[in-house]
Amino acid sequence: MIGGGRGSQIGPAHRLGASIGGGFYLAAGSLDHRPDEGRAYAKSLGINDDRAYGDWREMLAGESNRTDRIDLVTVATPNATHFEITKAFLEGGFHVLCEKPMTMTVEEGEEIVRLAEETGRICAVNYGYTGYPLVRHMRAMVARGDLGKLRVIVAEFAHGHHADAADADNPRVRWRYDPAQAGVSAQFADCGIHALHMASFVAGDEVERLSADFASTLPSRELEDDAMVVFRMESGTVGRLWTSSIAVGRMHGLTLQVFGEKGGLRWAQEQPNQLLWTPTGGRSQTIERGEAGLSPEADRANRVTIGHPEGMPLAFSNIYADLAEIIGAKRDNRSPDPAATLFPTAKDGLRSMAAVHAAVASAKNHGGWVDARAPMFRV
Amino acid sequence: MIGGGRGSQIGPAHRLGASIGGGFYLAAGSLDHRPDEGRAYAKSLGINDDRAYGDWREMLAGESNRTDRIDLVTVATPNATHFEITKAFLEGGFHVLCEKPMTMTVEEGEEIVRLAEETGRICAVNYGYTGYPLVRHMRAMVARGDLGKLRVIVAEFAHGHHADAADADNPRVRWRYDPAQAGVSAQFADCGIHALHMASFVAGDEVERLSADFASTLPSRELEDDAMVVFRMESGTVGRLWTSSIAVGRMHGLTLQVFGEKGGLRWAQEQPNQLLWTPTGGRSQTIERGEAGLSPEADRANRVTIGHPEGMPLAFSNIYADLAEIIGAKRDNRSPDPAATLFPTAKDGLRSMAAVHAAVASAKNHGGWVDARAPMFRV
Amino acid sequence: MIGGGRGSQIGPAHRLGASIGGGFYLAAGSLDHRPDEGRAYAKSLGINDDRAYGDWREMLAGESNRTDRIDLVTVATPNATHFEITKAFLEGGFHVLCEKPMTMTVEEGEEIVRLAEETGRICAVNYGYTGYPLVRHMRAMVARGDLGKLRVIVAEFAHGHHADAADADNPRVRWRYDPAQAGVSAQFADCGIHALHMASFVAGDEVERLSADFASTLPSRELEDDAMVVFRMESGTVGRLWTSSIAVGRMHGLTLQVFGEKGGLRWAQEQPNQLLWTPTGGRSQTIERGEAGLSPEADRANRVTIGHPEGMPLAFSNIYADLAEIIGAKRDNRSPDPAATLFPTAKDGLRSMAAVHAAVASAKNHGGWVDARAPMFRV
Amino acid sequence: MIGGGRGSQIGPAHRLGASIGGGFYLAAGSLDHRPDEGRAYAKSLGINDDRAYGDWREMLAGESNRTDRIDLVTVATPNATHFEITKAFLEGGFHVLCEKPMTMTVEEGEEIVRLAEETGRICAVNYGYTGYPLVRHMRAMVARGDLGKLRVIVAEFAHGHHADAADADNPRVRWRYDPAQAGVSAQFADCGIHALHMASFVAGDEVERLSADFASTLPSRELEDDAMVVFRMESGTVGRLWTSSIAVGRMHGLTLQVFGEKGGLRWAQEQPNQLLWTPTGGRSQTIERGEAGLSPEADRANRVTIGHPEGMPLAFSNIYADLAEIIGAKRDNRSPDPAATLFPTAKDGLRSMAAVHAAVASAKNHGGWVDARAPMFRV
């Protein structure tokens, strides 16, 4: 692991997710931009002295020289460094799980996609919410035609944690709305993009074009804290996506509704163990995580008996479990479990980056429609 | 009452609402475009022979000549006739409650607004959902500053009753998507406009400009069955409104979320007796209809003890109860209860018509932003 | 109407329910134990001078002498007077709708049952919650075998409106827990009995024996404010019933769960427009009031289009609508709509009284099992 | 770990819980009653050859002889063997986490309690639901007086997984209702006891006496599948507990409601990240796991950022995390974190066993009230 040092939020989440999956243990790390601090923290987590590195370059060199080199490196450093580190480790022949955003620009994203193809290394990107069993089941239902042709997808990721004006100058909040630190977009890039990725994941389809309306509702903010994006997918499916960080009363707010010819689905991240399914002309019914007869994709991701809730750490761990299966299959020269191939890849990281830049461009141009695809994916 | 004959859905709702209010009884009617049928049905409802009219012109003449003329006429005829009938009765000196839409064009709407002012007659328009006690309480909370400056309003009216392709040719459904019969807009004009009116009602503010994305998700439909409208209110409040008739699994789907500086509200028409209120930095709490200490506006509209649900007919009846109070006050030359002045008027009817035409224009122009105000309200 | 004067809670509810039903209007009344006050209030409600009576005896005499005598008398006086008035009006040949409890003793209850049979007059008792369309649908589902043999019924009526110790001396609350004023039981007789009646109504079965645990959780209270009753129905179905008035956070709390061989049902009065149905081995699904294909019993009780909530006043009005149909059919010498025969009768009033006395006896005897049936219903 | 072999449900749950906690790894095991199978499975889980034991006696001997002996042994064998194994390991000087039920009789339970005291070893029992952060917060709220004096506790654990008569002969289900295999009680001992323990845990009080009504609703069952228990705690708090395995439509059904002088709480295991709190006279409000300002007990048990749900595995892991802290503090001769002392102990195991036997005795005696305390706890 690179980054995710003491005080980090995402670091422990990754270590928890990786440990639950059962396929990985923390073998090496460069956990802090201050070498001594990083080494000390790594040791405190049980990493051996000789694999507690001072920085990522040292780690790349050190691990490259070992016969028992790490199977996977997790990149959980500040956003602007993801590209450089991911690139270097892919080139060094390592599999990578990169925190989102994978890169800061579309060009960098295309470079990583090409590099992953050339090296044959896995480059996964952590859109971890797609690890929930019922999210995977939604995808399976769409894929096998339970909904018929999709018509409309409504995605939301609206919370209220940045609503307090008194808190807006808090450095922990302020940097997110400052283009110098956060890049071209705040709430859409941070949260909305998870909802957009989930829409694509479930639909098995990609966003083709979009129109965006960004709003910055606090005077002190330059970047958006509330955004509405309407889009069309390649197949013509209509999309609506709302994201907000000032929606007081919403705790997390990631929800997805999918409406097709033959039925509709509704799922919410805060109650992830239930999925509402309504066949057209029929009654709404509750699909429970863990019930008998779900898809292989859901069954693989399911860990605990029905009625006992699973939460986000298990969703997250499913990304790691997939990677363990894929990497293991590569090592053993066997076919991996097909249900383990659903983790998000560099292509998803690139598509997300392209969508962020497209939304920013549209919002600046009064909502004019913009192509949302990376150049390499345009036909 | 004019229209609302046998088999009508809205006719019985009006009669139920008026009877519950306690202030009106059905004294006269022209209930069907077939004179004999209308007279017979009127008599079956207890209307005296001499006031069971064959058409609205006969009724206008007949009632004008009586000393005990009706206090209020409800217009529940097909949409295209609302303007003509409303105009004639206002000119005849009657108070009118017109079903929505009040008119088909903005010009007609402006004419009705002017006429109501000139004649001093009441012209109410039936956006009946604003009769719910907790909707009125939301308005009162915003007005007295509980939410501080408003930032974002999210309105929805999404149902799935027109999702079934097999049902699309059913005449009861088909006419709604046929411009020749329904006018320029289907789902937005039919349902979305209720959500938009409610947003204005609660905010105490008016829509200034908007951008719309309309979609027609069934091949057989010319008009939209799914629409997203983003808007700005005169004070700068940001708005997002989604409406759909193909959202399988949603039964009615009218909800309103209001986010301000000091807190957020969430209300849903299907569970109208609870209102979720979250003060910024505090916990979400449930406001119950009928609890002690609500606003005078909510208290006036409240009928039944806390814990016993009220439904739509009582909301509807509150519009009638307001009109009874206002008309009674005019007759008795006294000041009406200020909490009875919240019913929607011709100005609301006009604003809605202007918003529909603006949304249609924007949708045709790839979502370009359009002024949503009637010319007479532009500064 | 007798009783239900100015300031009464139940009086307006009856008048609202009767007016919505469409079958009745308020023709005569003796609304207060103070004759002048009662007469004045009756006139203010639109009752003619000659039918605004000073007391119920005057009203009985007056109406008996008229050819246009009232069709139905509603008895909404203090509990202890129900028996005497109901008896007198039945003997006078009137149909009666009596507020609950119908009587104070089992013996009186048996007398009313016999009297209703002898006179052929209707004696209805107002367990008004059974007027909800979906409660009637539950009964229909059980009756037609959708649940198979019933196993367990779980009924609740738990609210928190008497939890505040500071409020316990409030006369509006205190009398309920004082045996001199309230009789042998407080919370079970007031609220629990509604849940018990609903259990019998839905099961189409009667309570045979029970065991009760009563608790009085405030030192100042002699009668119970929290009670648990376990019971067996005549068919062997197991019952559990909890009722409380100190359940802080519950607003009304009337819910019913029915579990049978083939499935389970769950309904809650505070969200009465949805019914949860789970076939054994299948998924939970939501039955919506107003959906196509419900039972005739539900269809008759349904008034408003699906998605628009109905509340308690409409449930209540269904009792009146049934009575209008039955009385009309008697008058016209025709068969009434079979779906209109579900209103609670004197037998239900008697059964409830027997259950209250049985529960009190059991609670006093450390939960020993007691026969819950009135003597006349024991085999 | 002893038991929890291939195909076991509880084995993986323990290993998952222990791994998440961060304080333990699986060092030794005797995982199956078939020695070879147990050894092979242990190795497949990464246990070294010399610690993959064939049976628990071999393991006890083997570990006793090591300087790096295991810190804690988890007993997850069939119920009837818990006593013997737990006793032997305590006597051997090991700390033990025993699956519930700790013993089959009250006498055995008292022996374990005494042994744990004499040896100074920890004997924890796995009532894992008390590991949820908000369950611990409920306990903290009660302890610090937020609810004032408690009045009534309502506990439920009702599911429908044994409702299907066709499935009743399934050996996986049938043994539970067979006294020869399951002991004196089925559903109450299996599920109800979790709810009863949680009631005691949250109240900080113990059950003193109880009255029970057991029902066996399927003809083929000897033991109860539905039970109602009413009880009084030592402080006089009133209790109601319903448990069922034929409640079709309920998935898990563990809920707790606590009503006191100053307020009420409601929590449900299926949505464990929210706790409903209603102060007397105030509005219901939602306490979110992870919100700022909760009790130290909740904060210690909290792992993931607010809005991201935690599930059962994390609750379970909190038991292990507590044990790691306590065992570590013993080893290091320091005071443990006081918030880590909430795990259930042998006393809880004993109290539960006493309550099961009391309920069985009461149910057999027509609900007569029975002392629910183990002899050693009677004053």
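Should a chain be cited, it is by its letter among A, B, C and D, assigned in written order, with residues numbered from 1 in that chain.
In this text, a contact is a pair of C-beta atoms (placed from the backbone, for glycine too) under 8 Å apart; a residue touches a chain by one contact, two chains touch by 3 or more.
All of these numbers come straight from a predicted model, not from anything done at the bench.
If you check the contacts of chain A and chain B, which chains show up for both?
Where chain A and chain B share a partner, that partner set is C, D.
Which of the two pairs, A-C or A-D, is linked by more C-beta contacts?
Most C-beta pairs in contact, of the two: A-D.
When the centre of a chain is set as the mean of its C-alpha atoms, what distance in Å lies between chain A and chain D?
Their C-alpha centroids are separated by 36 Å.
Centroid from C-alpha atoms only, then distance chain C to chain D, rounded to Å. What do you get?
Averaging C-alpha atoms per chain gives centres 43 Å apart.
Just how far, in Å, is the C-alpha centre of chain C from the one of chain A?
Each chain reduced to its C-alpha mean, chain A and chain C end up 55 Å apart.
For chain C, write out the residues touching at least two other chains, lowest number first.
Within chain C, residues 284, 288 contact more than one other chain.
Could you list, by residue number, the parts of chain D that touch chain B in their complex?
Touch list, chain D to chain B: 283-288, 291.
Report the residues of chain C in contact with chain D in the complex, numbered from low to high.
These residues of chain C touch chain D: 151-152, 154, 158, 160, 163-165, 211, 213, 215, 217, 226, 228, 230, 238, 240, 242, 244, 246-250, 257, 259-261, 263-266, 276-281, 284, 366-369.
So in the complex, which bits of chain D are touching chain A?
Residue positions touching the partner: 9, 13, 16, 19-20, 22, 159, 161, 251-253, 269-273, 288, 303-314.
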